[in-house]
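Look at the two complexes coming up: chain A is in both, with chain B in one and chain C in the other.
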Partner chain A sequence: MTTTETAELRRRVQLWFGPQHPGITGNMSVQAWLEGDTLTAGVTHVGYLHRGFEKLMERRRYIQSFPIVCRICVPEPDTNEYLLAAGLDELSGLAAEVPERGRWIRTLVLEMSRLQMNLMTLGGHIGAMAMGAAPNWLIAMRDFVLDRFEELTGGRIYHMFITYGGVRRDLPEGFAERMEADLEAIEEKLPLVDNVIFDSSVFRKRAIGVGVVPEEWVDEMSLSGPIVRAMGIPRDVRKDFPYEKYPELDFEVVTTTGSDIYARAWVRRQEIAQSIDLIRQILRKMPEGPYCAKLPNMLTWTIPPGQTYVRAEATRGEMGYYVVTDGSDKVRRVHVRAPSYVHGVALLERMIPGTNIADLAPLMVSFQVCPPEMER
Partner chain B sequence: MMHILDEIRERFGAEWQNEQRPDLLQIGVQAKTIVPLLTWLKAHTPFVQLTHLSAVDWIEDGEFQLTYLLTDPKAHVSLMVCTRIDREQAEAESIHALWPQAVTYEQEINEMFGIHFPGSPRQGVPFILEGWNDIPPMRRDFDTVAYMNSHHPSRPGREHTDPRAYIGKVFGERGYLHDDD
Partner chain C sequence: MSVKHTLAPFSAWLQAFSKPFTLPDKHGYREGADRYRGWHINDTKKCIGCGSCAEICQNVAIDMVPVDDPVKGDSGLRPRVDYGRCCWCALCVDVCPSGSLGMSNEYIWVEADADKFRYIPGVDPKPWDNAEKGWRQEEGFDLVDHERVPMPMLDPAERTKTWAEVVIGYSEEEARQEASRCVECGLCVAACPAHMHIPDYIAAIRDGDDIAALNIIYDNNPMPEMCGKVCTRRCEGVCSIGVQGDPLAIRWLKRYVTEQFDDLKDVVHAEVERVGEGKKVAIVGGGPSGVTVAYYLAIRGFDVTIYEALPQLGGATFFGIPKYRFPMPSLEKQVKLLTDSGVKIVTNHRVEKDEMRQLVKDNDAVFIGTGLMKPYGLRAPGEDLPGVMYALDMLRDHHIGKKVDITGKVVVVGGGNVAIDASRVSLRLGAEVTIAYRRRKVDMPADDEEIEDAEAEGVEIIPQAIPLRVEQTGDGRLDFIWGPAEMVQEEEGRRPRPKLIEGVENHMIVDRVIVAIGQGAEHSWMPEEIAEKIADKRGWITVDENGMTAYEGIFAGGDLVNSTADAISAIADGLRAVVGIQKYAGVLPQAEDEGSEPVAIAK
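Here is the complex of A and B:
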């Protein structure tokens, strides 16, 4: 913000929304200016969580970066693990050696990750409007998926499971049956959630027509994810830039119209059903065979000079990794292109003027802003 | 899509080009052509989205690399435009007039690498750091260990163990256990 802008804004009521506020979407704050109940301007502030992930990776061997990248978005770490692995697989030449089963298990993990994250975010949608029942149910459903993550990887939140050349372990015996039981349990309870969220007059009044993002901003600001699909635009990295086993799965990009908070919540609800279906397809198609390529000695592994950009569809939108290598045993540069970087700063600041103060938290949740990935 | 690289080479000149993948083209150009090139790409080609803007410190060459990633959202192809600038005169033209979200990228690169983008609205305004008075931390010559030791010294009485020496003491000189150990 320029000095002139700041001087002008000093004449209005200033409110710091966060970093300690139940409505904020994590460790960030919005410096907002008010006239009555209406926000006239806002500036996103990050840095409360900065741990210098990208810098740390430049000082560590390739294998040592996995415990770092999973922390770049705490509730959805697997996209980060996959992108680091995919980028360095490509630059090292390992990409061609990833076995089929390894690719299918990677796809399974990515879709399980999307499922649990969408369950949590859908709860956030209504939690931001101070309604508590559905978020608790959805968090409980998410825990079913976390149970399977714990069984598969040993960790509920941070998994460090996708690695170079494939994944770290094979599926445990009986995993598919237990996963199916959990998916059925989630499906059984979802109609309750629909009643409380999408049939709720309170949610409809506060979400329909609120936070409408204009379609012309999509290319201008490089928007992605449910924000774009809620405008009726079928953009999804899984279809547009296919990776792993997504081209072999049968699914359509979920879209709706309205481009408001309600439409974005509806897209997420449909993507929960889509993820359940995709997980079933993946488990049915899972081939036998090795799950990881033969890896070089990780203590002495060097990768030839090169640069690439790899992308995947996180629940928040396009997540990308710009990876540069210089022939040494450490990355030269990793730069994370996070969806929240655009949605949480440029887009949010552009949407704030004219927004009612009570709608700020629901708006941020509908953009699914994840602060750690903004400050990496 | 390789024809776009040939057209850029003809119109603006190119130092190198590469097809990293069928959906990812790369080209290196001189810094003075960046803004005219990106303006032309946005106005006359399908590469209308600025997906990413990044910097790399090539300290051994005395240069910074700026990388602009543009995407054609209909053909699903990305174009990576790279340029190098002098590390001592670290300055580049701003592209915030072309894409508004470039303000945040340029603000962060200014903070983390010390590269200045004249005219970009938030130059010098902290993005992540607060009260930072050292060299920009993403530069290769910023020593993270020295910074930690000088700013966050260990508590008195805390015992330090060199990991390599400790592993050697416990597991022997090889530093690891074999299955038959």
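Here is the complex of A and C:
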């Protein structure tokens, strides 16, 4: 900001949106300036998390880093777990030993995670517009998925399940049947949700044409995920750089046009259906066998020097881990390339000018900002 | 805006008539999933207090706190979990070498006092202590490596044709791999009589620093060549990885380190204060205890002389242990380090009464480590027949190069390591060997590995066989007559005793009977005034906490003093006497006097 711009802003009403505000997505805040109902500028503030995951990992053994990364995105921890495991598997040579079933269970967990995250975000879309019913149903549907997570991984939110060489446990007896029952229950309720979201005149009025992201910004700012798919660009790491068992699954990248809040919500709605379909495919195709490679002693495990970049499609967009090892028993550097950093800081600050004050929360939700990814 | 879009949201009202998603009863309790990660539970009987849970905890939520007096293989510590730090990742459960730690599926616990949320699972009673469900270890996922790197060995068929070492030894890669399995819990340090710094030298091997490893070993063991090959390895018996898998091959790792260097003088740097300059010590008996005293006193500047009756130092490790287990060059390498360190060695010299009196007079201290040299008899008629011999004599004669008269079919009586050694030596001399042992095979005091090896090489073992008598047959052979025994439990908690089944006699026609049922002390060389003072009726010598006998200035150690009769205990006795002699000579540095370790040889 130039001095003139700052001087200009001083004369305006200043509004702190967050960090304590139900409309904010997690622990961050937006300092915004108003002219009437319209925001003229906004600056994002992070730093409320006080953690520094990347640094913490440099002082812990590999296995001790594993319970940390799930915290980099609380509602969708599994992408982080997968990426750390994939990176270190590759550098240590364990990747060649990950059993088939282990890879299938990893894919299952990633897809279950996408499903529950999309359910919650879709609830957030409409919750940010102060509508209460649909978010309640969607959160309840998400809890069905969390029940299965609890049964599979021993935890509802922090699963700490995908680890080096595979996963930590096999599927419990009868898991596929219970999963199917839950998927059916979710599918049954989804049309109701459609009624109150996509068919609601209130939502349409507040979402269609609001928060339009220009297509030129996509490569300029490396946007990804539903934001670009809502512009009609079929960009998806699962298809473009397939990993784990995605090449063996049958699915199309969801796209739509409009690039507004509505289009992004619609992409998420379609991806819920896609995840349900993928979970069914995975459970059908999964072979029997071991679920984890034979691990070396995790208290003394060292990995030869090397570096790699691994990526995966989180519900928010492309997530990547740049991992460097130096031959010791601790990781030298982990750099988390997270979509929220781009979407929640750079893109959001550019989108704020001209936005109505009431549309800020829906806009943030439609970017699906996860603040721990910014101050990781 | 269409009519549809105006009316559609009102469909939400229909939900008022459907079944609620949420639990209807606000006081209802929902059970956690079968493998829920809830509050910790610990089977404290199974727990060995190794601390791997505390080691892996990335939040430092687990402290190891004393709850009990430590017993062998158990540190006496138990994990205490601080739930202000715990993140419920359950790595502690997955790593637990004993498999005792688990998590219940209980997740609700209300307490007004925050300090209560720090407790010792299994010790502080909790309602979920007996929870059936919750996160437990599962087959197919291990955070520690349970499989030992196999030791390359000679093929059993090849072994009996040669005196070459049966164990071939780890390659560098195998040793580093095996060393990486260690969780560094240190239970082995407490179990080792000499309290060797085992996790430290294993870590040095893992990190590729063999010189550091060797120096750590030489901190409190001057005979690692021998221990690396034939130690009774109590350390491996308590190894925490051994609870659910193969214990670390601690002995083979030590062996690996010693094999990397041809001349120890170049790599072993004992940088200790030479406090003993001008002091003189004589050592009678060059076994492990004597060698230990000699080495650690010599590097401290003492003028040390060892008197040994046999042509070579090493005691029982020289004449008792067959060369296919402990070859001569290894022993010579150790002896060379002794002479390089300034120890004077007088071999082929048996100290007699007058000389002993003189030694006591001339030296600041005398150490006796003559061991047990008198074999116990068979205590059955026919013991004196030609062809009946003692394993100890036979092994000694064989090792000092005398001709040993072993031929045809041989029966070895006994079940200890000496019996096994005698059998395997006889095999290599061309005999056909049977072992007759009083108790069951599981009761045999010999190493399991040794028993397996002997059997693989073709030794037959007859358990529960009590020798009755030996008779001469017409054609000059021997009839070894034995009776079967049944095992009777006489006292609760003691091992069952073999009881002869009367009236049954089994005959075995053999050419030689080798008796290997133990040995006792022999003090005929000692001046009476000393022997009377220090030894009891059976020949055992009692020493105080400094290793000193009742005779001022005379120290003792080894098989004479301790009943465990293994080399590492003898080394431990030696270490005790090293401190004792320095103290007695008034030259012990303050720091070492205060050290809680039996002998901390500071660098």
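In the analysis below, the second predicted complex is superposed on the first by the 371 of 376 C-alpha atoms of A that agree within 3 Å, B and C clash if a C-alpha of one lies under 4 Å from a C-alpha of the other, contacts with A are read in each partner's own complex, and residues count from 1 in each chain.
The working rule: contacts are C-beta pairs under 8 Å (C-beta built on N, C-alpha and C of every residue); 3 or more make two chains touch, one makes a residue touch a chain.
What you see is a predicted model, and the numbers here were worked out from it, not measured in a lab.
*Asks:* Which of the two partners, first being chain B and second being chain C, lies in contact with A:D78: first, second, both, or neither?
*Replies:* After superposing on A, A:D78 lies clear of both chain B and chain C.
*Asks:* For A:D240 in the superposed arrangement: first (chain B), second (chain C), both or neither?
*Replies:* In the superposition, A:D240 touches chain B alone.
*Asks:* Which of the two partners, first being chain B and second being chain C, lies in contact with A:Y322: first, second, both, or neither?
*Replies:* In the superposed model, A:Y322 contacts chain B only, not chain C.
*Asks:* In the overlaid three-chain picture, which partner chain does A:E151 touch, first (chain B) or second (chain C), both, or neither?
*Replies:* The answer is second: A:E151 touches chain C but not chain B.
*Asks:* Quick check for you: in the superposed arrangement, does A:T308 touch first (chain B), second (chain C), both or neither?
*Replies:* A:T308 sits against chain B, while chain C stays out of touch.
*Asks:* List the residues on chain A that touch chain C in their complex, please.
*Replies:* Touching chain C: residues 60-61, 63-68, 133-134, 136-137, 140, 143, 147, 150-151, 154-155, 158, 160, 168-170, 172, 192, 195-196, 199-202, 204-205, 290-292, 294-302 of chain A.
*Asks:* Using the touch definition from the top, list the residues of chain C that touch chain A in their complex.
*Replies:* 1-2, 4-6, 8-9, 11-12, 14-15, 21-22, 32-37, 52, 55-58, 87-91, 94-95, 103, 135, 138, 140-145, 180-184, 206
*Asks:* Contact residues on chain A for chain B in the complex?
*Replies:* Going by the criterion above, the answer is residues 1-2, 46-47, 50, 52, 54-56, 58-59, 90, 219-222, 235, 240-241, 306-309, 318, 320, 322, 324, 332-333, 335, 337, 341-342, 345-347, 350, 375.
*Asks:* Touching chain A in the complex: which residues of chain B?
*Replies:* Per the stated touch rule, the residues are 20-21, 23-24, 26, 48-52, 54, 56-57, 67, 69, 71, 73, 76, 78, 80, 82, 99-101, 103-104, 121-122, 125-130, 137-138, 140, 142, 144.
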